[in-house]
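Two complexes are shown next, each including chain A; its partner changes from chain B in the first to chain C in the second.
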Partner chain A sequence: MHIIVCVKQIPDPEVPPAKFKIDPDTKKVMPPPGLPPVISVFDERAVELACRIKEKNPGTKITAITMGPGKVSDVVKHALAMGADEGIVLQDKAFEDSDSFGNAHILAKAIQKIGSYDLILCGRQAADWDIGQTGSILAETLGIPVVTVAKDIEVAGDKIKVSRVMEDGYEVVEAPLPCVVTVSNEVGLPRLPSGMGIIQAARKQVPAWTAADIGADPAKIGPAAAHSEITSLFIPTRDTTCEVITADTLAEAAVKLALKLRETKVV
Partner chain B sequence: MSNQGILVCGEIAEGKLAPITLELLGIGRKLANDLGQELNILLMGSGIGNLAQEAIAFGADKVHVADNALLQEYNSDAYTAVAAKLCQKISPDIVLLGQTDGGRDLAPRLAGRLGGGLAMDCLELSIDPSTKLLVQTRPVFGGNANARIVSKAARPQMATIRSKTMAPAVRDDSRKGQVIPVEDIDASTVKVKVLERVKEKTEGVKLEDAEVVVSGGRGIGNAQNFQVLRDLANLLNGAVGATRAACEEGWIPMTHQVGQTGKIVSPKLYIAVALSGAMQHIAGCSGSKCVIAVNKDGGANIFKIATYGIVGDYKEVIPALSQKLKELLGK
Partner chain C sequence: MAHREIFWNISHEYIMYVLSFIAVVFVAYAIYRHYKMWRMGKGDERSKNMGSRVWAFVKTGFADGLGHRRFLREPYPGIMHLLIFWGCVILLLAAAVDAITHYLVIPLEGSTYLWFSLVVDIAGILVLIGVILAITRRYIQKPERLNTFLDDGVILSLIAIVIITGYMIEGLRLAATEVNTNPDWALWSPVGLVFTKKTLFGGLSHDTILTLHSVLWWFHAVLVNGTIIYVALSYSKLQHIVISPLNAFFRNLGPVGAPAPIDMETAEVLGVGEIKDFTWKQLLDGDACTNCGRCQDVCPAWASGKPLSPRKLTQDIKTQWQKVANPKSNPPESLPPLIGGAIAEDEIWACTTCAACQQACPVFIEHIVKIIDMRRNLTMMQSKMPENIQLMLRNMQTRGHPWVGAQTLRLRGDWTSGLGLNTLAEDSNVDMLLWVGCTAALSDRNVEVTLALVRVLKAAGVSFGILGEDEPCCGDPARRAGYEIQFQTSVEQNIALLQGYNVKNIVATCPHCYNTFKNEYPKFGGSFNVVHHTQLIADLLKQDKIKLTCDLRSLATYHDPCYLGRYNSIYSEPRNILHAIPQLKLKEMERSHSKSFCCGGGGTHMWFEQQIGTKVNDIRTDEALKTNAEIVATACPYCLLMLEEAIQGKDLQQPLKAKDIAELVDQAMEKSA
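== the complex of A and B ==
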């Protein structure tokens, strides 16, 4: 079985909001200084799920694939250290500022170049722009089924059983392979890469493919091909300023707070 | 522009139009009036009966009814096929769906199949008066910023809306409309089968539904200390939440995690105890009406989103707060 996991590099969501800065002119987010970017949290769970499938199904191969500018090979190395077997980076100036349709086209082309695959895993959304479309559009582009917001996958021959997260519980669906599954955080904590995993990952070669390498259609990628565009980006203003309650002792401050909550009918 | 009309993908829950559908009809009617276009709704299900008339009373001009045993419950393949076929037939300018279990699955597939432009989880929708384009406002970066999005050329313009963000449609039984059956539902499009649906029960108040949430962070120190938060939550009929750090320490099960990779809560009162307020945590609680921050560090980010704050050790603050509230509430 061959699993392809799509992973994205994002600014670390653990940053305090005060360090989160946007540029309203370019409508972009400025990376927080001094904090290295990380693998998107949902994608990390997709890698985790792939590793669990591999443990139960010997002979499974996992390929981690990423796209983006700069040193995005770090997230592929992270996936390799967790247990992926191979990695590929998709990097080209022409890829930049593509929307979900452009990204799906690029991923589809790269996946077609890889050739054979049984299962494609993506995070349910990237944990930066929270768009939540690429996995589904990728499946439509490849003409294969998609199952969204998965928390578990069980392989049974040429089919999979997927547990999907629902508002009041979950459902189990059966899908034929090949298919795309988008992965939710309910998978649980991803494994930490082992020391040996990190050493082996560091030694692995990660090829970088360009638009020409994968035969991407220039008319389908980049900002000009985007189906939607951002016209403004802003930090919503909060109409509250914090009223700090003080008193001689903390217990007295707590009493004042309780009275205030009752007065304003919050409780 | 050849595309015309607004199409709402309706949802049926327990034999009625779901609350999200009434919100979609409410905003759909408004956009249709602004554009001078018709409001369509697609109802998919089995045994739809008089719900088509209901949809008309709530503002629809045309109701497309796909009534088939295959559509009894949400099935991604079947619903996508029916909705895509209808869109190809009537070429709507705008398609609206709910950000629900079904809608968030259906919308991107439909966009992918039709080549439309989609924004998910929208908080506001409006028509730009000069361009007549649909302007969609949605949260990004876990709600730490909002983006406005338009699709200049891709059609249909598509949006899913977050529930409880739009005013529901007002019923008017004198309204007239047209009911159009959707034919030719093709079972061969269904590749993914639903085997079972499991409803999970939670003990006590469900975190997502709680009106009061008391959350603890790394500063709580250990598992035992969470008891003071539980006591306060119980007193207020609330639920206990936690940050990722506290869950990863093993002080409280992961199911209590509030944040980007945990639960998204929007209670009336969110009491944030000994937590600093990382972006990924704020993503899970920024919809709270009133936030109380209790933290030793007065410079912690959580004070920036709080209504009230106390700077100090929670071990002195929370028990005193609980005791006074108990007295005030007569418990």
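== the complex of A and C ==
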């Protein structure tokens, strides 16, 4: 079985928004200096899920693929250290500022170049823009089924059973292979790369493919091909006021608090 | 002239030499067997630099060996062992003197002989008193730390019987000779003389005495050699007579608790997953352990009900090693694994790396590195670790510091805002780098200390710079968690960063950073002059650069952080500072200095809590409360947080505040400025 996992590098989502700046001209986010980029949390869970499938189904091969500018190979190395077997980086000036359709096109082209695959895993959304469309459009582009927000996958022959997260539990759906599955955070804590994993990952070569390498259609990628446009970008300001409720007894304080909560329509 | 005849009343004495020869053969075989078993382990640096090792052994041999420095920290067992030790040493020397005088025909006579008789008699009594103390302790008092096996009873009895039969033989000889011929000589063997009394052997006929003497003499000779053979063949703890000094000889002469670096390029196994992954010295450690339990008595993990006892850990490694070494009686497939079998994972994670055990161990066993080596295997080979450790390590990997989630509160450089501090990126032309450390930069409570320290340094006119938001983690938490790969990555990057700014002097606020820079970076090519802030402040006070005029009118106690005290022997500087603060009285806790008890935060325990037993910081806070102090001063960000947490958790009648020494200095300085 061959699993392809799409991973994305994003600015650390744990950093409070107030630390970011926005360039009003280009409408781009500027992360605070020194902020290390990380693997998107959902994508990391996709890698985790792939590793778990591999543990249960020996002989499975995992390929991690990422796209982006700069040192994105770090996220591929992270996936390799976790247990992926191969990694590919997609890097080209022409790829930058593509929207979900553009990205899906690039990924589809790269996956077609890879050739054989049984399962494609993506994070349910990237933890930076939270758009959550690329996985579905990718399936559409490749002409295969998609199952979204998975928390578990069980392989049964040429089919998979996917546990999908619902608001009040989960449902199990069956899908034929090959297909795309987007993975949710309910998968649980991704493994820490083992020392041996890191050492082996460091020794692996990660090829970088350009638009020409994968034969991407220039008309379908980049800002010009975008189906959507950012009209304004801002950091929401959040006002917090702090009020300390004082009273002589705890009971009295509780009553005052309850009244206050009702007054402010919190409850 | 006073003398005695060796082999008096004994014929066929060559039989004794045959016996001794057999014993020597068994001893030689035992040494060979142990040697082979130690060599099951990997290589160890300890076989290098023999010259300095010999010198160190000779230098400390007097105090630690002959003087029993480590034993005497506890009077009862200390004196007990001292008596047996010195008694046996004198008796062995006496036997040697006998042999020498006999064969070199140097007469031992006159007053020398008489004094010799007296000393030997007293030595036997010392051993007997020691044995009685030992029996009382082991079988009547039964302290928790002693685990008694058959061997303990056997060897105590053997020693007692050997000594008593020795006296009886002496008594019989005296009864047949000196008592009649030279009664004033016999007075120099007072204990032997007891056995010439009418009530004991005195009333026997001369012939009976002679027969009894020769029978007992042979019994004694067989018993002594038999004991030697028993000890050589069994795993009796009396083997420690040879193995413990050997272990002391190969003891760690470098920094405390520093694991060996791993060569990531060539390593095939990371850490210790089975017996043969230990080094030969680590196996020798186990062999040298006498199961005395001193380490267990001082261990915070044990005291707080965690599943770890350093005594048991050492013994379990030893047992597993003995089993692995004897595959015939212990087929490998029947053996439990080392980790998760002989040693539980919970034990491995329970250690705070406080080094109290190593300080207490009379035979210089090193527990910490073994524990870290097993953690290395768990984290780097098996990816098995408590969830919070995993979160902490992931955070170090992605965000460069261990404080999971702290980034939503502050960023590294936040504490500097408005202080107008100089970062090395702006100007690296300063005397020293103030290395703040992750905790002191990210945790709100610790930032207060950092700010106080900055005020003190500024007031003293120290020329320093900071790295601000570029300051990474020193790597210590990853190393103690066994995640060496992250540690070594951090070290490499940090050395490049610091050398890039041409940093020579570092003042660290955290004893863990301090220890790592000072003791562990040099192995990776990073040598800096590192001081802890208490050292720097003590120095500034000495030079009169800081004036402490404002009196604090308070009673304080001082909690020694493990990584400052036991790891780096910094005991006096913090106390000197406290003494310099006007109207601040210092009262020591029952356990202080090298016997200080851990706060519970070291060895990665700052980031995870084993939900077993009680809390280490509660125990330590109770000790602080016993002094009636109003301030428990310390000099470590972890200790500060741990103590404060424990204080807040208690419903206290008396006021007790946890403070860093830098804060107290700042306070004592403030109003005068």
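One rule holds for everything that comes next: the second predicted complex is superposed on the first by the 233 of 267 C-alpha atoms of A that agree within 3 Å, B and C clash if a C-alpha of one lies under 4 Å from a C-alpha of the other, contacts with A are read in each partner's own complex, and residues count from 1 in each chain.
What we mean here is this: contacts are C-beta pairs under 8 Å (C-beta built on N, C-alpha and C of every residue); 3 or more make two chains touch, one makes a residue touch a chain.
Note that this is a predicted model, so its numbers are computed, not measured.
Within the superposed three-chain model, A:230 lies in touch with chain B and out of touch with chain C [touch as defined at top].
Legend: residue contacts after superposition of the two complexes on their common chain; A:59 is shown touching neither chain B nor chain C. Counting the residues of chain A that each partner touches, chain B and chain C differ, and the larger count belongs to B. In the superposition on chain A, A:191 makes contact with chain C only, not with chain B. Residue contacts after overlaying the shared chain place A:115 against neither chain B nor chain C. Using the contact criterion defined above for the overlaid structures, shared-chain residue A:16 touches chain B and also reaches chain C. When the shared chain is aligned, chain B comes close enough to touch A:255, but chain C does not. Once the two complexes are laid over each other on the shared chain, residue contacts for A:136 go to chain B alone; chain C is not touched. Of the two partner chains, chain B is the only one that A:168 touches; chain C does not reach it. In the superposition on the C-alpha atoms of chain A, the part of chain A touched by chain B in one complex and by chain C in the other spans residues 14-16, 189. Across the complex, chain B meets chain A through its residues 76-77, 100-101, 104-105, 107-109, 111-113, 115-121, 135, 138-142, 144-154, 191-200, 212, 236, 248, 254, 260-262, 268-269, 276-280, 282-283, 290-293, 298, 301, 303-313, 316-318, 320-321, 324-325, 328-329.
Those residues of chain A that touch chain B in the complex are listed here as 13-18, 20, 22, 27, 29, 41-42, 45, 100-101, 104, 127-133, 135-137, 139-141, 145-149, 161, 166-176, 179, 185, 188-189, 227-236, 238, 240, 242-246, 249-255, 257-262, 266-267. The part of chain A that touches chain C in the complex is made up of residues 12, 14-16, 19, 32-34, 36, 38-39, 189, 191-196, 198-199.
Across the complex, chain A is touched by residues 264, 267, 270, 376, 379-383, 385, 387, 390-391, 393-394, 397-400, 405, 407-408, 411-412, 469-470, 483-485 of chain C.
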